[in-house]
Structure formats: C-alpha cells, structure tokens
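There are two complexes below, and they share chain A, which is joined by chain B in the first and by chain C in the second.
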Partner chain A sequence: MMRYDEGTYRITEPGSFGTRSLIVGIAGLAVSAIGYFLNPAQFFHSYLNAFIFWFNIAMGSLFFVMLHHLVAARWSVTLRRLAENVMMQTPLMLLFFLPLLLGLHDLFHWTHHEAVEADLILQKKAPYLNITFFVVRAAVFFGVWNAVSVLLFKASLKQDLNPEEAITKRMRVISAFGIIAYAFTFSFASFDWLMSLDAHWYSTIFGVYIFSGSLVAIISFLVIVLFFMRRQGILRNMTTTEHFHDLGKLLFAFTVFWAYIAFSQYFLIWYANIPEETIWFRNRWVGSWKGVSLLLVMGHFVLPFFILITRSAKRKAVFLTVMAFWMLFMRWVDLYWVIMPGLQEQGFNLSWFDLTAFIGIGGIFVWSLLKRIAAHPLIPVKDPQLKASVEFISE
Partner chain B sequence: MADSNTKELYILAEFESAAALYHAAEKMRDAGCRHFDCHSPFPIHGMDAAMGLERSPLGWIAGLCATFGALGGVALQWYASTIAYPLVISGKPFFSFQAYLPVTFALGVLMAAGASLFGMLGLNRLPQFHHPLFNSERFKRVTDDGFFISAIAVNNAEGDKLQKFLESIGGSNIEVLKD
Partner chain C sequence: MNTTAKDTKSLDNPGTPLITGNQSFHSVTEKISGIVEAKVSPYWYLAITISSLLALVFFGSIGYLVWEGIGIWGVNVPVGWGFAIINFVFWVGIGHAGTLISAILFLMRQRWRTSINRFAEAMTLFAITCALIFPGIHVGRIWAAYWMFPVPNQMGMWPNFRSPLLWDVFAVSTYFTASLLFWYTGLIPDFATLRDRAKTKWKRLIMGILALGWRGGNRQWKHYELAYLILAGISTPLVLSVHSVVSTDFAVSLVPGWHTTIFPPYFVAGAIFSGFAMVMTLGILARKIFGLEDFITVNHLDKMSKIMLVTGMMVGYAYMMEFFIAWYSGNEYELFTFLNRAFGPYAWAYWTMITCNVLVPQLFWFKKVRNSIGALFVISILINIGMWFERFVIVVTSLSRDFLPANWDYYSPTFWDIATFVGSFGLFLTLFLLFVRFVPIISMAEVKGVLPQADPHHTAKEQAKG
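Right after this comes the complex of A and B.
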C-alpha cells in the first residue's frame, strides 16, 4: 500500500509494488536471456517488440509534456509531473536499447555484407543503411531525447521551489525547439528501428504512424497510472472526474488520429498499386496475419471509436481504465504486426519470449517509474496554473 | 395587465452582480422553476449547473446526421461506380470501398458540422428579429453591466407568483413584459 502526504504531495511510503515489479522484470529478462541462446532471431524480434512498446510510452510522454508547455495548457498541470516522471524513463530506454546492437544481424537483413552485394537496391541504400551510421544516429536520437527530457525536468523541479514566470517561459522555449528536434528524431528512429526491418520497403508517413500510436499509448498509460494512484488514495484531492474526461477525449482523438494515419499509409499504397510498396501489406494479409490485420482495424479503431465517443464512457474512471488497458494491448498488437511478419512469413506464431521480454522491460520500467514518482512531489506544487487545473471543468 | 388569453408573460428581474445572479439561478432551480433564463454581459462559469440545465441533445443530432452523411456517401459512390458508370479504374473492382472512404469521411464531417450549426440555431430558436425582453429600457444594460433573470409565465396568476419569488431572492426593478 502506497501512502502519501497531502500537504507536501510526496510519497511517504512507497509500498511493495515497485519491488515486486523489479523482481518480475528481472525474472522476465532472465528467461528472455535463455532465448538469446536458444533462438536468437525470435528473441531479438520479441525483444524489439517489447522495447518499442515501452519506448513509445516514454516518448509519447515527452511529447505530452512539450505540448503541455507549448499550448500553455491548464487542465493538465496536476498530471504534468506524472507525465514528466514517465518522460524521464528515456535514459532507461537507452539502456534497454543497447542489447539490440548485439542482434543487428538477426533483425536487419541490410547488415549482411553478402546480402547487400547481391542486391542493387540495398547497395544504393548503403550510405544510409550501414551499421556505423545506424549506431551514430541512435546515439544522436538518444542524446537529443535525454537532453530535452532532463532540461525540462530540471526546470520543472526548479519551479517547485520558486514559481517564477521566467521558468514557465524557459520550459516553453525548450519545448519549442525540442518538439522540432523530436519530430525529426522520432521519425528517423522509426525508419531505422522498424521500417528498415524490411529494407526494400519505404513509406514516408511511417514515422507519423508510429508516433500516432505512441500518443495512444501514453494517454492510456496515464489513465491507468492515475486510476491506480487514486485507488490508493493518492492525488484524490488534486484530480477529479474532469481529468479522466479530458484524458478520455484525448484517447478518443488519438485513436482516431492513429486510424487516420494508418489509413493514409494504406490508401496511397493501395491506390498506386506498385509492387515494391504493396508487398508490405501483402505480407500482412497472408495466412493468420490477415486475422491480425482485421483485429487491428476493429480493435484499434472501430470498437474504441464507438465506445469512447460517448460522454459517460470517458467519465467513468473504471470503464476508461479498462479501455486504456485494451488500447495498450492493441498498441502491442500493432507493433507485433509491424515487426513479426518479417520473421514469421506464413502466419503469426506467438512465442514465450514475446511475453517474457514484455514483462522483463515493463517490470523494470514500472519499478524505475515508481522510484522517480516517490523521489519528488507528485504535482508541480508551485505552478501558477495549479489551482486552475484542479478546479478545471471539462465542458 | 394582460388578459388570460394573450401570449406568455416575461418577468424580468435585475440583480446586483454576477455572484448574485448565480445564486438567484440556483434558487430558481431549487424552487423547481424551469422556464427561465439568465442574462449577463459575459459568460459565468458554472452557470449551466446553477440553472439546472440539462445536457443539450445537439450531440445526438450531430451524430445521427454524421451517420446519415457517411451512409449517404457510400451509397452515392456505390451507385455512381457500379450502376451509373461502371468503369474499370487502374484495374480495381467496381466496388472499391477503400477509394470511397475519403468522400464518406468528408460527407460525415460535413453533415455533422452542418447539423451542429443549424441544430444549435434551431434549439436556440435563432435567428429572431424581436424578443419581448427588448421592450425593456433597463434590459439594454445587459450588454454592459446588467445582470438579469427572465422567467416565463403562462398567465397572470403565475406571473404574480414569479414576481414575488424573484423579489424574495434579491431581484429588483421587476418588470412584466409581453409582445
């Protein structure tokens, strides 16, 4: 049981959930490590799937915080520290990225010299798709994300002591530059880590596609974290149904945004009907992959669209939390659908490592997040808009 | 005073401030009065709840029209490309639902937007060229610094009751207006 002090908004008793998460996480990673020796190709694909899932939550949070500052949002001030804590998991994601470097040969066809020599297209792409440049890019991406996250977080902590207008402005300036850097780095990271799994295939909207999914992921994640914190009696005096309502609206909006982008990608490829582009969708329409494709259309868009469109669905915290879990599951399915068909061409074949890698990274992610939550006040205590955020009414 | 067979009466009462208007609205609501409106130079936060207003049905109107628009969009394109002009375009089947989605989406949005605008005007009974409240000289201050409640009475007896009630909750300069 977690406890917190309503005066200082600090966690006084962290409870045992974090430790239990850590144990589950280590166990998950240990079992996954066996996979590295048994079936490295499967292991690395499962690991990449889990890594991108949790990475997207951290990245979505970075975007959420920057957007909050840029539009000078008021309603989300009480949720800002929560999002900032998730955002600060980016350095952890760098740690989880490193094992992928061991598996480049298992994941990426373009890393094989003999394959490139026999393939004119890969030769032409070699100036971009080569291991050195790949690693340099990843270093730059993480450098940018970490720098922006740390700058924003430090400014936010400074504001806790000193509610100066200048700090609010500073966070806005960081976000203005940060969001531009984010757009490029996130898009290219998606190209590098996911699109280049099928090195012949290309889609310029692909980065936006993954980005739209990461927005669904972070809003779902915030709903779940907020729900369970409130159940423990934490932040009850600082958050209301109105905050769930607004998170619900964003969840609905980003779900539609995801569908819009997903359809835009599909639609242009379908219309042009050029084999080098359509092959990607064709690979996702063979065997049991067809079922996964249809599940995505129904489960990631049609179903949540009609459920979340009503007002009451967004205002019932329990119901919204169930939907948030469902959307997170769909996020995982979406990434599975992007990553796995390259490995399992005839149809999907779930592996134990899909689960162990997921709970492995996830367990440590949650433990690290809870540690950070406990280290600082749960809300930006001196933000000038805090009162407006608590009293906010979602019209 | 009006005869019992004339149209409804408007009882207009003035209040000191936004806060006074807000609390008066709460009292009107608690007294079970439903046919009244509040007038102020600026929007007052939380007034909907204070007046006990129900949620507007506009969302449902917009939703129904959007569904109609989307279905209409599919029907239009289905008819055009399979019955009226069955042409083979880039080797695709006549009924290519993928190609229909942009127009379907656009028609859904168009109908939703139109329904929201015209539904709102319909529910507000706008535009109106004249309103009995405009017969009051005092009421002109509502765009400057006046705070008013107007309540509708169907006959004189109800009008008298409303006048007394408005007075009891702090209303002043009470006027009875009709067309």
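Right after this comes the complex of A and C.
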C-alpha cells in the first residue's frame, strides 16, 4: 500500500508494488533470454513488439508534455508530473533498445549481404538501410529524445522551487523546438524499426500511423495510472472526475485519429492496387491474420468509438479504466499486426515470448516509473495554473 | 455558448482579456449592429463596383466557355486537369477555416473564436460557392452537369460510385449544407437583435422572419445551445472529411506524386493553413475598415498566426516525407516525379510553394511579426499564393511528365484560364461585401458571452470589492 502526504504531494511510503514489478520484470526477461537461444527469430520479434509498445508509451508522454506546454493547457497541470515521469523512462528505453542490435539479422532482411546483392531495390536503398547508418540514426534519435525529456524535467523541478514566469516560458521554448525534432525523429524511427521490417514496402503516412497509436497508448496509460493512484488515496485532493472526462475525450479523439490515419493508409493502397504496396496488406489478410485485421477494425475503432462517445463512459472512472486497458491491449495487437506477419507468414502463432518479453520490459518500466514517482512531488506544486487545473470543469 | 460563463475566470488568463476597450453588453450591440445600420459608405459602393465587375469577368468567361468549349483553356493531353481543378481545390481549402473555427474550436473551448467565427463561416460559404462552380464548368457540357448527381433516368445511367469525383459532389455539398445551417443557427439571436432595433417596417419584417421568432427566453437559449453543440459535433468530422475526399481525387490514382498515403491528413492541414490565411487577410481588412480593433485584437491575430505556423509546418513535413519516400521507395518513377518538381521545368512553381508555405511562415516564430498588422497582412497573402501554387504543383507537374515521354508537354494557362480564376475572386468578394453590409460580421450574442460581465460571479465580486 502506497502512502501519500496531501500537504507536500509526495509519496511517503512507496509500498511493495514497485518491487514486485521489478521481480516480475526480471523473471520475464530471464525467461525471454532463454528464447534467445531456443528460437532467436521469434525472440527478437516478440522483444521488438514489447519494446515498441512500452517505447510508444514513453514517447506519447513526451508529446503530451510538449503539447501541454505549447498550448498553455490548464486542465492538465495536475497530470503533468505524472506524464513527465513517464516521459523520463526514455533513457530506460535506450537500455532496452540495445539488445535489438544483436538481432538485426533476425529482424531485418536488408542486413543480409547476399539478399541485398540479389535485390536491385535493396541496393538502391542501401545508402539508407545499412547497419552503420541505422545505429547512428538510433543514437541520434535517443540523443534528441533524452535531451528534450531531461531539459523539460529539470525545468519542471526547478519550477517546484521557484515559480517564475521565465521557467514556464523556457519549457514552452524547449517544447517548440522539441516537437519539431520529435516529428522527424519519431517518423524516421518508425520507418527504421517497423517499416523496414518489410524492406520493399513504403508508405508516407507510416510515421504518423505509429504516432497516432502512441497517442492512444499514453492517454490510456495515464487513465490507468491515475485510477490506481486515486484508489490508493493519492492525488484525490488534486484530481476530479473532470480530469477523467477530459482524458476520456482525448482517448476518444485519438482513437478516431488513429482510425483516420489507418484508414487513409489502407484505403489509398487498396484502391490504387499496386502490387508492391498491396502486398503489405495482403500479408495481413492471409490465414488467421485476417481475423487480427478485423479485430483491429472492430476493437481499435468501432467498439471504442460507440462506447467512448457517450458522456457517462468518460466520467465513470472504473469504466474508463476498463476501456483504457482494452485500448492498450489493442495497441499491442496493432503492433503485433505490424511486426509479426514478416515472421509468421501463414497466420499468427502466439508465442510464450510475446508474453514474457511484454511483462519483462513492462515490469521494469513500471518499477522505474514508480521509483521516479516517489522521488518528486506528484504535481508541479508551484505551477501558476495549478489552482485552475484543480478547479476546472469539463464541458 | 455553454462554455461561456462558468470558466471565464479559470480558463482565461485574466491578464489578457479577449475583448478590449472595456465593453458593455450595450456597447457591443451598438458597435456591431451599427455597422449594418449605418448609412452606406461610398467606399463600399466603390468596392462592390470593382468586385462585381470582376464577378462579371468570371461569368463572362464562363459564358464564353459554354459557347466555345473547353478548348479555350490551356488543358490538353497530357495535362487534362488544369486551372479548373487547381482552383476548385484552392477554394475548397479556403473554405476550411470557417467551420474549423466555429466547430472544432468550439468543442475545444477556445473562446477567442467568438470574434472571428461569424465572418470566417461566411467566408467558408462563399469560398465553397466558388469552388463548386469549377468542377461544374469543367465538365464541358455544362447543361449535363446534373449527371454528377445520381438522378434516376430512363437510360439507366449512373455516375460511378467508386469514383472519388462523385464523392466530392457529396462531400462538398454536405459540407456546404452543414456549414450553412451552422452559420444560420449562430445568426438567429443576432437577427433578433437587429429586428428589435429595426426602424423601418420592412426591415423589422425581414429580420423578424430570419430570427424565427426568437425571444431570448431561458428555455430558448437552452435548446439553442444544445442545438449548437450538436451541430458543432456533426460539423467536426466534416471539416476533416471534405479535404480528405478531395485528396482522394489524386491519391487513389496510379500517378506518381499523386498516389501517396499521406495525402488525406496533408491536404487537411494545408486547407486549414490556407483557410486561416484568408481569415487573417479579411479579418485585418474588416477590423481596419470598421474599427473593430477591440473585437479582433492583436491577441486574436497572434493565435491565428500560431495555428498557421503549426499547419504550415505540417505541410512542410508532408513535402519532406513525400520526397524522402520517393527516394526510399526505390521506384524510379516516384523519384523522377519529385526531382522533376524541384528541378524540372516547373521548378519556379515548386520553389514558390516552398518559400511561401514553409519558409515565410517561420517568421511567425517572432512575437514582433505576430503582432505586426502589416507583416501579418502580407504573410497571409503570401501563404494563399503558396497554397495555390501547391495545388498547381500537384496537378500540373505530375501530369505534364507522365509515364510516356512522347506525351510530355509544358502546360500553360490561357487568357481565359486566368480570367476565370481572377474573376472568381470577384464573386467571392462581392458575396463577402454583401454579407458585411447586411449581416452582423461578429457574433454579438457570443461575444457578450465572453465579456467579464457574463460571469455569474461578476456582480457579486464587484459589489464585494466596492
């Protein structure tokens, strides 16, 4: 049981959940490590799937924080520190990225010399798709994300001591430049880590597609974290149903946004019917993959659309949390659907490593997040708009 | 509306009031009704004379087109889509800001929209009117234009439901209808104000009919606000769908430079970008001419500049992604198309587009620029030039060098192309001038809602102080 001091907004007793997550995480990773020896191709695909899932939550959070500063949002001030704590898991994600470098051959067809030599198109792409440049790019991406996250977090902690307007302004400036860097780095990371799994295939919207999913992921994640915090009596004095309502609206909006982007991608490729493009969707319409494709349409869009459009679904915290869990599950399915068909061509075949890698990275992610949550006040205590955020009414 | 009173305090920075000049409810009514009730200025007559002459050029050009045929335009093999389609997309794009401001900003509780939504919506309607004319005349046999609609007929002939051109007909006309209803709903309380202030019988009668018996009772407001909210909800997806559908005119094809998956959101961003630029141009003129500096404040212009900065960069992102993927695809036709855009015979158009849409808006980073009326006016016009060229680049460059080099040709517009395009501004401005003359250009009811006096705690607070 966590304990929390309502005066300082700090966690006084962290409770055992963090430690338990750590143990589960380590166990999950240990079991996954066996997979590395048993079936490396399956292991790396499962690992990539889990990595991207948690990475998208951290990245979505970075975006959420930057957006908060740029639009000078008030309602989300009490949620800002939570999002910042999630955002600060980016360095951890760098750590989790490193094992992928061992599996480039298992994941990416274009890393095989003989394949490139036999393939004219891959030869044309070689100046971009080669291991050295791939690693350099990843280093640049993480460099940018870490720099922006750390700068924002430091400024935010500084504001806790000294609520000058200059700090608010500084965070806004960092966010303005950060969000531009983010747009490009996130898109190219999506191209590198996901789109190039099928090295021939290309789609200009792909970066936006993965980005739209990460927005769904972070809002769902925030809903869940907020819900369980409040159940432990934490932040009860600083958040209200109104915050759930607004998070619910964003969850609805981003779900629709994801559907819009996903549909744009699918529809234009389907209609033009150019074989080199349709192959990607055709691979996801084979055997049992067809069921996954349909599950995405229904579960990632139709169902949440009709449920979340109602007012009460957004204002009942329990209900919204259930939906948030569902949407996170759908996020995982979506990434599974993007990643796995390259490995399992005839139909999906769930592996134990899908689960172990997921809880392995997730357990450590949650542990690290809880540690950070406990280290600082849970809200930006001196933010000039804090009062407005607590009192706001969602309409 | 329903976001008005309660959050006046908590959601708006008390330091920057939305409406300046210490207005009261009465002074708002006086100022805005005054514009339509005042004696007509000779400048207005001058302006409408010029604009209707231009509109005559427009209709004259169309008349000659109908008489003579599409041959008077520059379109030919391989560029079969020339100015008409460029202008259609351009005007539809302009028409995006109005409903975005009134619907999406409404749902997002952006209360600064109240000063600009009325004329932005009117602008939308007039821009869509201009837009709809172009595909209509582009069919050549204009008397058969009604075949664009699925009209049952004895020949059993139907439009191709799989064609995005047909979806355009539905998407744009739905958008026009919804925007018109939304605009009219917002106007009802203001028509009632004009009715109550009317000094002549005829005016009272006409305004009375338009006001639909509005009395401003509590129950009426309750229904009205609910209707407004629902209309905003219905209009919101339309804002996104219309230009997405327009983008499919290009993107479902096999033409390199047209067929790319980012087109729908990229077109929507571009449309919002150009629409805001036009709202800015007209807003700056309106505030200057009618002395509305207290209503359309520098603060409003500042916010609009920021939206243009964001959407301009989204468009820039799309330009870059298209170029990158054209290379990354390893498809020689894709790559050729983009190299040809940037360095081929139409390079001048491409770089005009890049300069106006990507480089110039970067000036909005500076508060000085965002607060300088002259700079904003010039930039907003440059953006519209840039966005017109974007459509030019898309339509013309891809077609002029298609898959068969033997077909390649350099497209140039004829006199009639240009006359029709310039003339369409005449129609647009004439409609806008008529609007300015007869309809309150700022929503009085909504602006009153964002005044400090609208806060239920206002009087109590003042009394406590006194």
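Annotations for the structure displayed:
Operating definition for what follows: the second predicted complex is superposed on the first by the 395 of 395 C-alpha atoms of A that agree within 3 Å, B and C clash if a C-alpha of one lies under 4 Å from a C-alpha of the other, contacts with A are read in each partner's own complex, and residues count from 1 in each chain.
Operating definition for what follows: a contact is a pair of C-beta atoms (placed from the backbone, for glycine too) under 8 Å apart; a residue touches a chain by one contact, two chains touch by 3 or more.
Note that this is a predicted model, so its numbers are computed, not measured.
For the composite obtained by overlaying on chain A, chain B and chain C cannot both be accommodated without a clash. Contacts of A:Phe37 after superposition on the shared chain: neither chain B nor chain C is touched. In the superposition on chain A, contact of A:Tyr271 is made with both chain B and chain C.
When the two complexes are overlaid on their common chain A, residue A:Ile121 makes contact with chain C while staying clear of chain B. Counting residues of chain A touched by each partner, chain B versus chain C, the larger count belongs to C. In the superposition on chain A, A:Ile393 contacts both chain B and chain C.
Residues common to the contacts of chain A with chain B and with chain C across the two structures: 267, 271, 393. Those residues of chain B that touch chain A in the shared complex are 45-46, 55, 59, 63, 90-91, 98-99, 101-102.
Of all the residues in chain C, the ones that touch chain A in their complex are 2-3, 6-7, 10-11, 109, 240, 244, 248, 251-254, 259-265, 313, 317-318, 320-322, 325, 328-331, 365. On chain A, the positions that touch chain B within their shared complex are 263, 266-267, 270-271, 273, 309, 311, 393.
For chain A in complex with chain C, the touching residues are 74, 120-122, 124-125, 128, 176, 180, 183-184, 187, 191, 200, 202-208, 260-261, 264-265, 267-269, 271-272, 274, 276, 388, 391-393, 395.
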